[in-house]
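Heads up, the next two complexes both have chain A, just with different partners, chain B and then chain C.
Moving on, here comes the complex of A and B:
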C-alpha cells in the first residue's frame, strides 16, 4: 500500500516537472537542436543569451512592466477592498462581482477589447499599453486576496486609530496597510509572476519594445534552438526564486 | 485635563428598535461613572454616542460645555479603551502608546518620553520595545489604557475593559483602574455588566435597562436602597415579599401594594428595625465567607426566605430563629 502511494507521488511529480526538467537539461545541449540524444554539456547557449542585447532589453521591459503594473494593481486593489469591506454601500455585492469578473474572462478577449479601446483613444501598442492590460488582469486578483484578508481585527484597530486622532489617510497608511503586510506581499508577488509570464496581452499590445515572452515567441519562429531552452531555464529560475521567497518570508509568517 | 459630560434627552433608534430612549445624565468632571446593565440595555450605545462612533437620533451630548453634534471621534476630547484592546500589532508598545501624540504632531523624542511615562503608570516600565503579541491579556489591557490616557483626554471611555480577563485578574485590575483614575483625574465612563465590578470602582453607578436609566447613585445607595425592582434584582440576590396579605411582621409594613425587598445578608438574629418573627431553618450550607440558609416563617408557611448568617453561627436545620431585617426597601411591583 505504502509502495503504491510513493509510486503515485513520483508519477505526479514527474508529470508536473518532467517538461521543465527536459527544458533545463537540453539548455546545456552541445549541439544545434534541443532534442535527444544528449550530446554533452556546454554553457555556450547561456553565454549567447547573456550577450543578446534584444533579449536583455526584453528582460528589462518584462521586469519593468511586471513590477509597475503589479504595484498599481496592488494600490487600486487595496483601496477597493478597503472601501468595500468597511463602508456599507448600495449594491456592494454587485460592485464586488464586477471587480472580480475579469478573472473569468480569457486573456485573449481582454487583450482584444483593450486593443480596440486603445485604437479608439489613440494609445499606440507599447509597454504602457501592456502595463495597463496587466493591471486589468491583476487588479481582480489583488482585490480578491486583500478583501478576504480584511477582518474585524483590522476594523477595530482602525477604529482605535480614529479615536486617537488619525485622519482617514493616516488610518490607511499607518494602520490598515501595515497590518495587511503579508497578504499585500502575497498579492504583489503573485501579480508579478502572472505579469512576467503573460504572453497574449503583451503580444497584441506591444510593437517595438517587447516583453520577454514576446521576444521568445519571435525567436521560436526561426526554429528550435538550445538558446530558447536557456532563456526558458533562466525565466524558470526567476519564478522559482520568487516562489521560494514568498514561501519563506510571506506565507510562513502568516501562520 | 478633565471635563464633565452632559447627556440631554438622547434617543437612538435602529429602525423601529429603540436602543436608547430619552436618556438624560449629568456626569461631573473627574467622576468615575459606571454604566451597568444586561446586554442589550443600551449602555454600549450610550458609550458609542459619547465617543462619536454613532450619532443620536435625537437629543444632544456636550462635553465640557461644548456640543458634540457632528464632531468626529478624532476631534473629540475623548479616547476609548476597547474590549478587544485593538492594539496595533505592527507597532511596539511605545509606538502604540505614542500613536495619539504622533497624530497631534508631537515630536518623536517628546512622544516616546511620554509613552515611557505612561507605560510606567500602568506598571509596564521598560517594556516599550516589546510587541503586543508578546503580552498576556492583562498586560495588553494596560497598554490599551496607557495609549488612551497618553493624549490626556478630558473623558476616558472604557468598553467592558475587563471583560476578557479571568476573574482573579479582573478584581486586581479594578483596584488599579480606580487608583489610576484618582491619579490622572480624568473623567472615566466605564461600561460593564458585572455588578461587583461596578460597585468596586464606581463613584456613581448608572443602572440601565431596555434603553432607559433605571437608577443612579453611589454603589451603596444603588445596592441598599434601589429605586426599582429591576435594580434590586440586578445588583444582587434579594428576598422579594409581596405586600397585601397578612404578614407576621413587627411593625407591620404600611401599604397594601408593592414588594418588600430584603437582601439575604441584611437578615440576622440581632435586633433590628423590622422583626420578621420566628422562622424555621430548612437547610444551611457553608459558603466560606458566610453560611447560607433557607428558612420558612412559622406563622406564614408560604413565606420562604434566604438568609446569610455569619460563618461561625451554630445553626442546624430544624432550629427556629427570630430574624430581624436591618436594611430593606418597599418597591413598586412591576
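Moving on, here comes the complex of A and C:
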C-alpha cells in the first residue's frame, strides 16, 4: 500500500512538473528550437526578451491593468460586503446572487458582451476597456472572500466604535478595514493574479496597447522558440518570488 | 424607525457602487448579447430584428452541432479524469504525508499554476509536438513519431494538467477538515479501510468534489486557449467556433447566439449539480 502511494506520487508529480521543467530547461537552448536534443546552454534568449520593447511595454500594461482593476474590485467588493453583512436590506439574497453571478459565466461571454456594448457606445478597445472587464471578473471574488470573512466578532467591534461616537467613515477606515487586513490582502493578490494572467478579455478588448498574455499569444504564431520559453520562465520566476514573499512576510505574520 | 431608515440608506449606499458596476458591465452587456443574437446580418451590416435564424442555423448546421458535442465530450472526459487523478493525490497528501511537509507537497503540486496560462499550454507543445520530448524519447527505442499535438488527446492532456492542480487544492481542503474521529470510529466498528473510504470519507467529501467538478466544467467548456493551442483547428470546440465567427466574418449576431447556447449548457450543468454546489463556499 505504501509503495503504491509513493509510486502514484512519483507518477503524478512527474506529470504535473514535466512541462514546466521542459519549459525552463529549453529556455537555455543554444539552438533555434526548444526541443531535444539539448545543444548547450546560453542566456541569449533572456537577453533578447529583456531587449524587446513590445514585450516590456506589454509587461507594464499588464501590471497597470492588474493593480488598478484589482484595487477597484477590492474597494467595491469591500463596501458591498460591509453593507450586506451589516444592514438587513430587502432583497439581500438576490443582491448577493447578482454580485456572485459573474463567477459562473465564461470569460469569453463576458468579453463578447462588453466588446459589443463598447462598440455601440464608441469606447475603443483599450487598456481601460480591459480593466473594466477585469473588475467584472474580480469583483465577485473580492466580495465573496470579504463577505465570508465578516463575522460577529467584527460586528461587535464596529458597534462598539459607533457607540463611542465614531462616524461611519471612521468605522470603515479605522475598524473594519484593519480587522480584515488578511482577507483583503488575499482578495487583492488573487485578483491581481487572475487579471495578470487573463487572456480572452484582454485579447478582445485591446488593440494597440496589449497585455502580456496577448503579446505572448501573438508570438506563438511564429511557432516554437526558445525566446517564448524564456518569457514563460521569467513569468514563472517572478510569480514564485512574489508568492514566496507573500508567504513569508504577509500571510505568515497574520497567523 | 427613524434609525432603521438611516441604516437602510447607509446599506444601499455601500452596496450601490458594486451593484451598479455589475448591472452596467455584466447584466446590461449580457442582455445586449441576447438581443443581438436575434439580429440579422445583411452583407456586413447588423440589422436589429427578432429573428431566430441564428439559432436555426446552429441547429441545422452539422459543423456547429459537432462543435457543441466536441466541447461537451472533451469537458466531460477532462472532468472525470481530473477527479480520478486529483482525489488520490489530495488523499495521499492529507493522510500519508506528515503535516509539516503537507504545505510543501501542495505547493509543488500546483507549481505550474505560476507560469502564465498561455505559456503552460505552449509548454505541452514542447512535450507532445512532432520533435517534442516524448517523440524524441520514443525514437530512441525505435518507435514513432506519434501524432500527438493538434489532437483531441493533446487538448485533454493540457486541460487535465490544469484541473488536476485545481481539484487537488479543493479536495485537499475538504479532506483536511474531516475529523480523524470519523475514520477511527468506522475502524472501531470493524469497517475495512476500503469500506471506511467508500462509506464515510467519500460521502463526506462529495459536496466539495461536486463543487470542484462544476468549476472544472465551467472553466473547461468556456476555454479558448487550450483547444486552440493544443487541439489545433482539426476539431473545433464551441469557444473556437465563436472566435472564428468574430474574427473571420465579424458575425456578431451568430457569435452571440453561440455564446447564449454556451451559457445555456453551463446553466444546465448548474441545475444538475445544484443540490451539492455551494458557490458561496468555493
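Points worth noting:
Basically, the second predicted complex is superposed on the first by the 247 of 255 C-alpha atoms of A that agree within 3 Å, B and C clash if a C-alpha of one lies under 4 Å from a C-alpha of the other, contacts with A are read in each partner's own complex, and residues count from 1 in each chain.
The rule is short, and it goes like this: a residue touches a chain if its C-beta (ideal position, glycine included) is under 8 Å from a C-beta of that chain, and two chains touch if they have at least 3 such contacts.
If you're wondering where the values come from, they're calculated on a predicted model, not measured in any experiment.
Taken together through their common chain A, the two structures put chain B and chain C side by side without a clash. By the document's definition of touching, of the two partners only chain C reaches A:239; chain B does not. In the superposition on chain A, A:156 makes contact with chain B only, while chain C stays out of contact range.
Once chain A of one complex is fitted onto chain A of the other, the partner contacts of A:112 are limited to chain C, with no touch recorded for chain B.
The superposed model places chain B and chain C at 100 degrees from each other around the C-alpha centre of chain A, with the value given to the nearest 10.
For chain A, the partner touching the most residues, choosing from chain B and chain C, is C.
The gap separating chain B from chain C in the superposed three-chain model is 7 Å, by closest C-alpha atoms.
Overlaid on A, the two complexes show chain B and chain C touching no common residue of chain A. Residues of chain A touching chain C in their complex: 2, 5, 8-9, 12-13, 15-20, 22-23, 26, 33-37, 75-77, 79-80, 82-84, 86-89, 95-96, 98-110, 112-114, 116-117, 120, 132-133, 135-136, 139, 143-144, 148, 168, 197, 199-200, 204, 212-213, 216-217, 220, 224, 228-229, 231-233, 235-236, 239-240, 243.
Within the complex formed with chain A, the chain C residues making contact are 7-8, 10-15, 17-19, 21-23, 25-30, 32-33, 36, 85, 88-89, 92, 96, 108-109, 111-112, 114-120, 122-127, 129, 131-133, 136-137, 161, 164-165, 218-219, 221-225, 229, 239, 242-243, 246, 252, 255-256, 259, 262-263, 266, 270, 279-280, 282.
By the touch rule above, chain B contacts chain A in their complex via residues 51, 53, 72-75, 78-80, 82, 84, 86-90, 99-100, 103-104, 147-148, 151.
By the touch rule above, chain A contacts chain B in their complex via residues 153, 156-157, 159-167, 170, 174-175, 178-179, 181.
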